[in-house]
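See the structures that follow.
Both of the next two complexes hold chain A, though its partner changes from chain B to chain C.
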Partner chain A sequence: MRMNKLFRSIVLVLFLLFMLVPLIATFLFSISTRWDRTILPEGFTLEWWKKVISRGAFGLTLKNSFYISFATSIALTILVTPTAYWVHIRAPKSKVIFEIMSAFSFGIPGVILALALIRFYSGIPVPLINTTNILLLACMELCFPFMYRPVANALDSIDIHTLTEASQSLGGNWISTFIHVILPNIFPGIASGFLLVFSTVFAEFTLTNLLVGARFKTFPIYLVEFTRFDGRQASALAIISFVVAWVVSLLLLLISGKRTITSDNLTIGH
Partner chain B sequence: MLLLTFETCHPIIILMMEMIKSKHNKSELKKWLGFFPFLLFCLAFEFIPILFLIRGSFIDKTTQGFTIAHYQAMSRTVYINSFLNSIKISGLTAIIGVILGTLIGYAIYRWPSESLKNALISLSDVTTNFSGAPLAFSFIIILGMNGVITQFLFKYFNYELYPGFSIYSFSGLALAYVYFQLPLMVLIIIPAFVGIRKEWQESAESMGANNFQFWRFIGIPILGPSLLAGLTLLFANAYGAYATAFTLVESQLSLVTLQIGFMIAGEVRHDPGVGMAMAVLSLFIMGLSIAIYQIATTRVRRWSK
Partner chain C sequence: MAYLELKNVHKTFGNVKAVNDFTLDINKGKLVSFLGPSGCGKTTTLRMIAGFEQPDEGTIQLDNEDITIVSPNQRDIGMVFQAYALFPNMSVRQNIAFGLKMKKTPKVEIEKRVDEVLEMVRLKDTAKRYPHQLSGGQQQRIALARALAVRPRVLLLDEPLSALDAEVRVALRGEIRRIQSDLAITTVYVTHDQEEALSISDQVVVMENGVIQQVGTPQEIYRAPQTRFVATFIGTANQFFGKVGGESEVQCSGLSISTRKLSDFTKGQEVVVLVRPELISVNTSQPSADAGNIIEGIVETVTFHGAVTRLGVHMNQQRVVADITVNSAESISLNQTVWLSFKPEVCKVMAVAE
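And now, the complex of A and B:
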C-alpha cells in the first residue's frame, strides 16, 4: 500500500490535468478566433466576450440569478437562524429533527421535488405554480442544510447557555438576547451558510428549468440555451459561472480561516 | 418517506410522545413554539407534496380508485432501461470515484508541502460544485467531434476517437460525472486519512507488523466506514443528477431523472401516474443509499474523536 513519491506525484499530476484541462480549454475557447482545425487556437480575441456581455438577456439573466440567490440566502437566514438558536437552547433533544430533515433534503433529487410541488400545488387553489415564489421556496427546501450546518456548528462552539443567562439577568428578553448577544457571536457561521446557499442557488438549473422554465430565465438556463447555438459565447458564460463559484469559495475560506472539512458540510445535488 | 426506518423513527416517536404528554403543561408546549415556522415550512413544501406524490402513484386517473398499474408499467423496456442506465452510471462513477479518489486523497495527504495540500483541497472544493451545463459544455469543447483532445489524438497518434467514443453517450456522460465525483471523494477521504494516527502506525511497526499487515488490520478497517460513506454518497449524487445529463445527452440516453423531467415538461405523452411511480421508486433507491451513508458517517465520527 505504501506508494513511493514518484507514483504519488504522477497521481497528483494526472488529477490536476483532469481537473484543469476542461477549465483551461473552456477559457481558451472563449478568447480564440478559431480553434477547430489546430491543436492550439489560431489567434486570440475578446470579440465573444464583448458580444455576449452586450446582449440584453445577459444582464437580465445575471440579475435574475443574483436576485434568486440573494432572496433564498436571506430567507433561509431569517428562517433557520432563530430556529437553530431556539432548538439549541430550549429543546436540544429535537436537534435530531434537523438531522432527519437534512437527510430528506439530500435524499430527494431536484427533479422529484419539482414533480411533487407541481402535482400538489396545481391541485389546490394556491397561486404558486409558475411563479418565482415557488422557485424560491423549492430552493430554500433544497439548501436549508447548507444554512443549518454552519449555524449549528457556530452555536455549538460558543457557550450559549451562559451568554443567554447573562443577557437575561441584565433584563434582556429572548429577542434582544438573540439579536444583540447571539447573532454577533455566530456571525461567521451565518456568513458561511449564506455563501454556501448563494453559490448553490446561483448554479441551480433543475428546479428553475422544471418549475418556472422560460418565465424566469436564470444564468444557468441562459447558458444551456446558448450551448445549442453559439459555443464561443457559451464558453464565456461557463467561465463566468465558474468564477462566481470560485470567488464564493475564496470568501468562504477567508471567513472560516482554516477550512476544516468533514463529511457533514459537503454539498451535493447536481 | 422510506428514509423513516426504525432507527431514524425512534427519536421521532419519543418526541411525539413527549409532545402529547406535555399538552397539559404550558411551558412544555412553549418549547415547540419556536419550531413551528420551520416545521410548517417543511410540511408545506416537502413532506405533504411528497406524500401526495406517493399517494398519486397508486391512484387510477379515471376511476380515482387504488391501482398498482403504474408500477406494473415499470416492467416495460423503456422504463427498465432508464433504471438500469441510471443505476449503472451512478454505480460505475461511484466505484471509479471511490477508488481513484482514495488514491488521490492519499497522495494529497502524504504530500509534504502544506500550501500545495491546501491548494489541492480548495481545488477539489470548487470543482466538485462545477457541474451541470458549464461542465457538460467544457467536455464538449475538449472531447466533442471537433474537440481539442479529439484532434490532438488524431494529429499526433492518428487515433480516431469517433465514432467509437462519443461525449454524448453513456461513456461520455460517465466521464463528465467522474469530474465532480472524484473531488467529492477526495474531500470525504482526506479527513479519514488524517484520522489514522502516526502512533498507531509506529506501534504496529514496533510490534513487528509490516506495511501490508498494518493496512489489512488497522488502516482499511478505520477507512472502511469512510469508503462506504463515499460510495453511497457518490451513488446518490450521480443518481439524482439532472443538469449535466440534460445538457450533454438529452434524449440520447434514457435516465430516470431525464424521463421524469420530460414528463413534467410535457414532452412525452405518458400517464402522469407512471412518472410518479418512477419518482417513488427513485426515492426508495435514494433513501436506501442515504440511509447507509448516515449509518456509515456515524461510524466515521466514532474514530474522529
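And now, the complex of A and C:
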C-alpha cells in the first residue's frame, strides 16, 4: 500500500515537472537580463515585458486573436449543438457522416487544408478570399470535431429520446424542448467543446499564416515573428498566450461546474 | 360514440408487424389496460395514440376529432414513461409547471395547479427537490403529477411500475387507480403483468403478436377467455387435447372428459379442454361418481404459494396442476396417489386452430 502511494506521488511529481519546467523556464527567460552563459539567469528585469506590451501590434494581435477565437467558438456552438441534437434524435444513421467529417481535420495536414480551402473559396461566387471570414470558416472546419465530440458524448449520456417525448407530450415544440430540456442537460459538453475550440483557435498558426497572414495578424503570428529577433520578448508573449488560455478555461470550468451539479441529477436519477 | 377510437390501425417495422388491424373503442373516464407478453405491440399502439409513431394504415379519433396525423404536442395527451423521464435540470415544481408554461398559463394559476397535483400525489414537501433526490416511486408519482397538471384529455402510462420494487408497485398502482377515478380521466395503461391489469382496469385488452385477442372486464377475461392464448396467459389453465367424442364428451388419450353440451362443435373435431387449477378438487380416496370427472394420479410436486398450495399431479404422460388450501395440503405428501375431480361445468372447450 505504502509503496503504491509513494509510486503515485513520484509519477505525479515527474508529470508536473514535465509540464511546468518548460513553462517556468520560459517565464524566467522572459524576465532575465541574460541567460546564455550561465546555468541560472544572470539578473532579472521587466524590460522585455514592457517593450513587448508597449508595441501597437501587441494590442492589435491580441484583439484579433480574441475576436477570431470567440467568433469561431460561438459560431460552432450555434451551428453544431442543434444539429447534433437533430441528428441524434431524428437521423441517427447519419451520425456516421459526422464521425467521418470529424476525422478530416485530424487527417489532413494544415498546409493542405489551407491550400484546398483557398482553391475552393476562390471557385465559389461568394467573395471570401482575402477576408477575415475565410479564416473564420477555416477555423470552424478545423475545430468541428472539438465541438461535435463533447456535445455528442453529452447527448449520448442522457436519454434524449424519452426527455424529448416527455416534453412534447406536455406541449413543448422542438425549439422549446431544445432550449429548456436538452440544452441545460448537455451544458457541460457544450462548455468543454467551447473551451477546446477557443484554445485551439487562439494558438492556431498554420491556417492563419497561409490564409490571411499578411493582413490579419493574430497573436501566434506576432509571436513567431518575434522569435526571429528576440527570444525573451517572444517568451513574454508565450506566457501571456498561456495565461489567456488558462483563464478562459478556468472561467468556463467555473460556469459549467455550477451547471454540472444540477445536470448530475439525470445520470443519478435514472 | 366512444371517446377514443382506434380503427383498423396497422404498424410495421421492417418486416415485423408490430400492430395488426387494431380496432378499439375506449369510453370517457375509463381505465383500459393493454396486456400481453413483451413484444406484442402494446408500446407501439400507445405511442401511436400519443403521436410518437404514425400508423401505416387506420385512424385514431379523440372526441370525434381525427388526430391520426396531429403532432404529439398538439394532442393534449399526457404520458407517463417507464423510466420516469423527469427533467433532471428542473426541480419538482419546475417539472410539474413545465407543461403549463408551454401552454402560457398565467403564473398564479401555475402555482395553484402545481400545489393541487402535488397534493393529489401526496408529495407536497418535495416541491423544491430535484429528481435525483427522490426515490423511484416518488419520481414516478411526480411524473404522474406532471402529466396531470395540464389536465390532458387522455392519460397514457407505459409500464409505469416495472422499474419499481414489488411493495411500491402494489401501493402505487392503487394510488394511480384512485387518482384516475377521482379525476375520471380516460386512461390507457400498458403492462405485461396480468395481476396489475386485472386489479386496476375497467377493461382489459389482451394482445398477442400485434393482434387483439380479447377485450373485456377483468372478470370476463379471467372467467370467460375466448382464446387458448388468453386462457393460458391470464392465470393458469390445465390443457387437455383431444377430439369431440359425444354431445358432451371429449376423448383425450386414455381419458374421457365430460363437459357441457358441445353444440358448437362437430364430432371428431380437434379441441382442447381448459380447466383452472383452483376449480379442481383433490381427494385422497376415490370419490363417488357424482364428483364429475375423476383422474387418478401421483403427486410429483408440492409448491407453497401462500394462501394456496399448488400440486403437480402426474397422470398419463401429463402434468395436471391443482390448487388446494393450506390446511388440506397437510394431509398430502409427495408420490402419494390422489384423485383429482372437476365438474363438467368448469371445463372450457376450445377449438384447436390448425
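Everything that follows uses one rule, which is that the second predicted complex is superposed on the first by the 218 of 270 C-alpha atoms of A that agree within 3 Å, B and C clash if a C-alpha of one lies under 4 Å from a C-alpha of the other, contacts with A are read in each partner's own complex, and residues count from 1 in each chain.
Following the convention adopted for this analysis, a residue touches a chain if its C-beta (ideal position, glycine included) is under 8 Å from a C-beta of that chain, and two chains touch if they have at least 3 such contacts.
Small disclaimer: the values here were computed from a predicted structure and weren't measured.
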Partner chain(s) touched by A:G56 [first = chain B, second = chain C, both, neither] | neither
Chain B versus chain C as contact partner of A:Q168, first or second or both or neither = second
Greater residue coverage of chain A in the superposed arrangement, chain B or chain C | B
Using the touch definition from the top, say if A:P125 reaches chain B (first), chain C (second), both or neither.
-> neither
After superposition on the shared chain, which partner residues are touched by A:L79: those of chain B (first), chain C (second), both, or neither?
-> first
Now for A:V181: first (chain B), second (chain C), both, or neither, which partner does it touch?
-> second
So, does A:M140 touch the first partner chain B, the second partner chain C, both, or neither?
-> first
Return first, second, both or neither, reflecting whether A:S241 touches chain B, chain C, both chains, or no partner chain.
-> first
Looking at chain A, which of its residues have contacts with both chain B and chain C?
-> 262-264, 266-270
Sites on chain A touched by chain C in the complex | 158-159, 162-163, 165-173, 176, 180-181, 184-185, 262-270
Could you pull out which chain B residues touch chain A in their complex?
-> 3, 8, 11-12, 15, 31-32, 34-35, 37-39, 41-42, 45-50, 52-53, 56, 103-104, 106-108, 110-111, 118, 120-142, 146, 148-149, 151-152, 155, 179-180, 182-184, 187-188, 190-191, 211-212, 215, 219, 226, 229, 233, 236-237, 239-244, 246-247, 257, 260-261, 263-265, 272, 275-276, 279, 282-283, 286-287, 290-291, 294, 297, 300, 304
What residues on chain C touch chain A, complex-wise?
-> 50-52, 71-73, 76-79, 81, 83-89, 98-99, 102-103, 130-134, 139, 143, 146-147, 150
Complex contact set, residues of chain A against chain B = 1-3, 8-9, 11-12, 15-16, 18-19, 21-23, 25-26, 29, 35-39, 79-80, 82-83, 86-87, 90-91, 93-94, 96-97, 100-101, 103-121, 123, 137-138, 140-141, 199-200, 203, 205-206, 209-210, 213, 220, 223-224, 227, 231, 234-235, 237-238, 241-242, 245-246, 249, 253, 259, 261-264, 266-270
